[in-house]
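Per-chain residue numbering starts at 1, and chain names A, B, C and D are given in the order in which the chains are listed.
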Amino acid sequence: MAIAIVLIVIVIAALAFHALSPWWLTPLASNWGLIDDTLTVTLLITGAVFVAVNLFIAVAVIRYRHRHGRRAAYEPENRKLEHGLTWLTAVGIVAMLAPGLVVYAELISPPKDALVVEVVGQQWQWAYRFPGEDGRLGTSAMRFVGADNPLGLNPADPAGRDDALAVGPELHLPLGRPVRVLLRSKDVLHNFFVPPIRTRMDMVPGMVTEFWFTPTRAGRFDILCAELCGVGHYNMRGVMVVEPQADFERWLAGLPRFAAARQVAATPPGGDLAARGRGIAQARGCFGCHSVDGAASVGPGWRGLFGHEVELADGSRLKADAAYIAESIRAPAAKLVKGYPPIMPPYALDDGEVAAIAAYIASLDGAADGTR
Amino acid sequence: MHDSHDAPHGFWTRYVFSQDHKVIAIQYTVTALAVGLVGLVLSNLMRLQLGFPGHFDFIDANRYYQSLTQHGMIMVVYLLTAILLGGFGNYLIPLMIGARDMVFPFLNMLSYWVYLVAVLVLLASFVVPGGPTGAGWTLYPPQSILPGTPGADWGIILMLVSLLIFIVAATMGGLNYVTTVLQARAEGMTLFRLPLTVWGIFMATILALFAFPALFVSGVMLLFDKVLGTSFFMPAIVSMGQPLAYEGGSPLLFQHLFWFFGHPEVYIVALPAFGIVSDLISTHARKNIFGYRMMVWAIVAIGVLSVVVWAHHMFVSGMNPAFGFFFAVTTLIIAVPTAIKVYNWLLTLWRGDIHLTVPMLFALGFISMFAIGGLTGLFLGNVSVDIPLSDTYFVVAHFHMVMGVAPILVIFGGIYHWFPKVSGRMMNDTLGRWHFWLTFVGAYAIFFPMHYLGFLGMPRRYYAYENYAFIPESAHTLNAFITVAALVVAAAQLLFLFNLAWSARRGRLASANPWGATTLEWQTPDTPPGHGNWGAQVPVVHRWAYEFSPPGQARDFVPQNAPPDAPVE
Amino acid sequence: MEASIDLARPARPATARVAVWLLLGVVFVLFVLCLLAYAMRMRLGDWRALPLPWQLNVSTAMLILSSASLQWASVAARRGGRCARGALFAAFVFAAAFLAAQAWAWQALVAQGRLASANPSNGFFFLLTGLHALHVLGGIVALLLAGRRGERLGLCALYWHGLLAVWLLLYATMAWLTPAIVDFICGVA
Amino acid sequence: MDALSPSAGGHGQQHPIGVYLKVWGLLFVLSTLSYLVDYFHVGGVLRWALIVAFMLAKAGLIVAVFMHMRWERRALLVAVLLPPLCLLVLAGLMWAEAEHTRQTRNVYFVAESGAAGHGAADKADGAAR
């Protein structure tokens, strides 16, 4: 008996929860209202079945619970009933599936005139690339990745020379124009997920995946990584800024082009040491775990590190000098910083590179340079 | 493989290295529940972090991902698969089909000990340097074998080795169960007179035999990639700034192999639960199961179809987009035989004589949980609706309702139901009811709201959700609520453990057939059944397993082995 | 099933046969899945066919001989013939020779520097031969336990023939399967 | 007493309509599968192998059920025949999948460095497309 009441209460509570809950789909910001509609159709059908099933149990328990002298009916099967229910279910399924497939067909056929943007993932940061004037993205390969070429573009491909690079969390897109997003990863699986645009796709190393949408609402949207990619997964943040075409073009124009960026980054050692250090840290993926604004993320932040006291896991303290930094890079497990897990992989960098990184970390002090 | 198989005498051969299926079943069950408890504790560690982020600093990101992975893997493989096939399968198959034991008792024993080794290797990964792997239970490469993932050195290797060992154990057991069902049925026990429990376990075992090789292959290949540096799954990669020597492989290949195993796996744990719950409902509603043949065919159809739906886990994986159509269609087709099962359970209740015993409560709870979990599966199976929901808490809610809670409820129901046969004593009713209510209502409280976090877009496998603009403060409050509910439910399991331990020694003595059930296991001459199960004579079967309340009979059930001419008074 | 509890009866031969067939089914699925992965991986561009070491011909011959001897042994044992012991011994020797020849092939490849990691085709070679050798090894253990009774030898022989079939399939695939053939089968131009 | 009838009562030989429905559903699925063979442009020998396999399965089902072959055999037949069939499906799909991956590589990536192995990084002819 109690079970009948509880089931009825559960149904009522579920409906009330649905009606009153403040948690629901984020407001739509793309053309994919169709997905929301399909979801609503599915919700209505399944919701009705949910209510029906629970109420049926409740009624059955109330009517047919054991009482003295009651005896169950003997009824091995009832073909007409089973027949009918099977058809009913089939109809329900078709009602959900048909619209779903229609929408899917559209989801996988991007319009021809879409703006192409490439998103490149790496543990735990984002980078973006737009085609230059020729409207084409250059080819790439992992073997080209280096300090001066973080996205691994093919230097010999003329189509890639004018590609605009945005290395960092921020992606700008023009309002109202279809965007075809090509996705690529340098290391592991990631997933480009912006809840308000609904559609998304995994980023798979070794291949290029894609999806498309049209932004319909201006604003700043969180970009999340929605495929487990290691300890920093939950912290792989990006921002998608949707803005009018003119603003977007201004932003795009300000981006470095591949060929030019390479020249700058290739400053020979002995030039600005700290800048070289920054390049190395960028290429080696240090920023996946270390921020430079002093905030702690997966690893300790670098601002205010050099020359200051560090508390180690064993309680001892020491001053962070160049030797300590070198050791931290080459044998991170030797001296663990308090409050952090021993997850940093050892890096076999040569003395020059280590010195450059140390110089860069030192340069972060006192907000002298305003990096980021 | 031994020639003689007399009733064993010594302590060791009787209780430890026993070849008796009943003892092996208990060993499997106890071991599985023990690791299950570890899995439960891990889930609460995760919940503590999610509900009260930052308050418990021993749960850092590494530990979180390790808990997540081990929780998922333990629950799915080492608890559910092991307890349903190794525990329930072992105990019930021979008894229900009227056999004296499994056809290969020695192999059966070996299967348990190999399973135990798999468990120990798994647990060993908790103490190796770097800890257990934190790659998620799906173990997707490249991430699972690269730095940046906890346990990427020792942890993942031990995880894979443990899985391979587990598969060996499952195969040994599986060959045994299938052959036993095919070859050792008592006279008169046709396939279409088998209790649905046996059907469910039988089909699940066939699925296991053909699906586990896929996991085996992907596991071995992943080990090769990790240890020998081959590039089966690994393309050219720059990891943490270091170019690696891999080249040309495809991570998608692993995902296909994994899910070619993974989806049948979820039905491997669902089908036995379907079978068991059918028997519970029929017995405690004193009514024949409605549409028995349909139920059998539904089990077969689900088993078959479940092998061609795997890529519904990969709708956003970047696979060939044309596959979406195929897999959406096959996935939703599976809902039809599943729906038939739900209808037939419901129709079995209708016009029944429902005894609200503890096993029946768990069975009813199962229907409710399973229905909602299955229905949310339809969102996910419908490609375009899956795209926004994939890898969010909606998926977490779906699979906990349908797999995390529903079969667990059946396992509890089954334990309350068969405990009198296993131990000769009844379990305590009051404690059982408390256990049910806390678990059932608590599980709703934990997992129902998660669907809404999923709609909101909260991704799963997140250690923390700080500073995301689209997540309102209220969502964090909700998470705290869920955590509290999870702690309560976990604590409620202590009632169950206490009840088990206490009833085994002090429980009320049970009669041979306390529920008035028709199936053979209740008709044994001794309770608990002795060595060889049947005394001098194996039973002869005269009817199906659901002869409840037949017209013109004084009693409301007729055992399967009661002779047709002499109705039981 | 009369008075005495007949648990002493070993599994009926028919029963054991069902189990061995099932086992062969599982083994077959296992290797077919490997070959599926093989075919898919082959497609991905960086594949270079591995020139198979000539030792494989030796090992193939050994496995065929072993299989035949075991069949002979099982038939002879069932008839109560005397040659059973000799044939059984031969089966062991040939099986061991098979493993030795496989190991020799491995060693030859390693000596040429063709390690598993050099190319996916090498990786698959070691994977497939290794898994298969493990199955043969398992068979040898079972054979050791089987003794000399006819029906048990019959079961072992069945398993042996299964492994031989699997080996021939593996060998043929590694030797002759090219992307062009799969393209032809699948009709992709 | 009829050994095939589930209950002892006098239900006789009739097979419930549900079974026919079920089988009908299966037949429908098989037909869909044969149709999908065309949809995915599977060709060559595999195409005919698949189509024939599906046809045989259908014929088998019809013989077994609508022609009342023994129920038990059928259950086993289904359980034993279908896994290989499913493997065939897997085979076809995997091949299509590899093709898809290779296509994206050909379009977007510079060709792998080829037989020389890695290291020889500069064989970068953009003509690879």
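Definition applied: contacts are C-beta pairs under 8 Å (C-beta built on N, C-alpha and C of every residue); 3 or more make two chains touch, one makes a residue touch a chain.
The structure displayed is predicted, hence computed values, not measured ones.
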item	value
Central chain (by mean CA position)	B
Cα-centroid distance, subunit B relative to subunit D, in whole angstrom	27
Centre-to-centre distance between subunit D and subunit A (centres being mean Cα positions), rounded to whole Å	35
Centroid spacing, where centroids are CA-atom means, of subunit B and subunit C in whole angstrom	33
Overlap residues in subunit B, where contacts from two or more other chains coincide	182, 210, 236, 245, 247-250, 252-253, 260, 288, 291-294, 322, 325, 329, 333, 336, 546, 550
For subunit A, residues contacting two or more additional chains	74, 76-77, 82, 86, 141, 143, 206-207, 209
Overlap residues in subunit D, where contacts from two or more other chains coincide	6-7, 9, 16, 18, 25, 83, 90, 94, 97-99, 101, 105, 112, 118
Chain pairs in mutual contact under the definition given at the outset	A-B, A-D, B-C, B-D, C-D
Residue ranges of subunit B in contact with subunit A within the complex	57, 60-63, 65, 134-136, 140, 142-143, 146-150, 235-243, 248-252, 285-288, 290-294, 316-318, 321-322, 324-325, 328-329, 332-333, 335-336, 339-340, 342-344, 346-347, 349-356, 361, 364-365, 367-368, 371-372, 375-376, 378-379, 382-385, 387-388, 390-392, 437, 440-441, 444, 448-449, 452-453, 455-457, 459, 461-465, 468-470, 472, 474-475, 478, 546, 548-551, 556
Subunit C - residues contacting subunit B, complex	1-8, 10-12, 14-16, 18-19, 22-23, 25-26, 29-30, 33-34, 37, 40-41, 44-47, 115-117, 120, 122-123, 126-127, 131, 145
Residues of subunit A that touch subunit D when the two form their complex	74, 76-77, 79, 82-83, 86, 137-141, 143-144, 154-159, 182, 184, 206-209
Partner subunit D, residues of subunit B touching it in the complex	182, 188, 190-193, 203, 206, 210, 236, 245, 247-248, 250, 252-253, 256, 260, 288, 291-294, 296-298, 300-301, 303-305, 307-308, 311, 319-320, 322-323, 325-326, 329, 333, 336-337, 542-544, 546-547, 550, 558, 564
Subunit C contact footprint on subunit B (complex, rising order)	1-7, 100-101, 103-104, 171, 175-176, 178-179, 182-184, 209-210, 213-214, 216-217, 220-221, 224, 228-232, 245, 247-250, 253, 257, 260, 531-532, 535-538
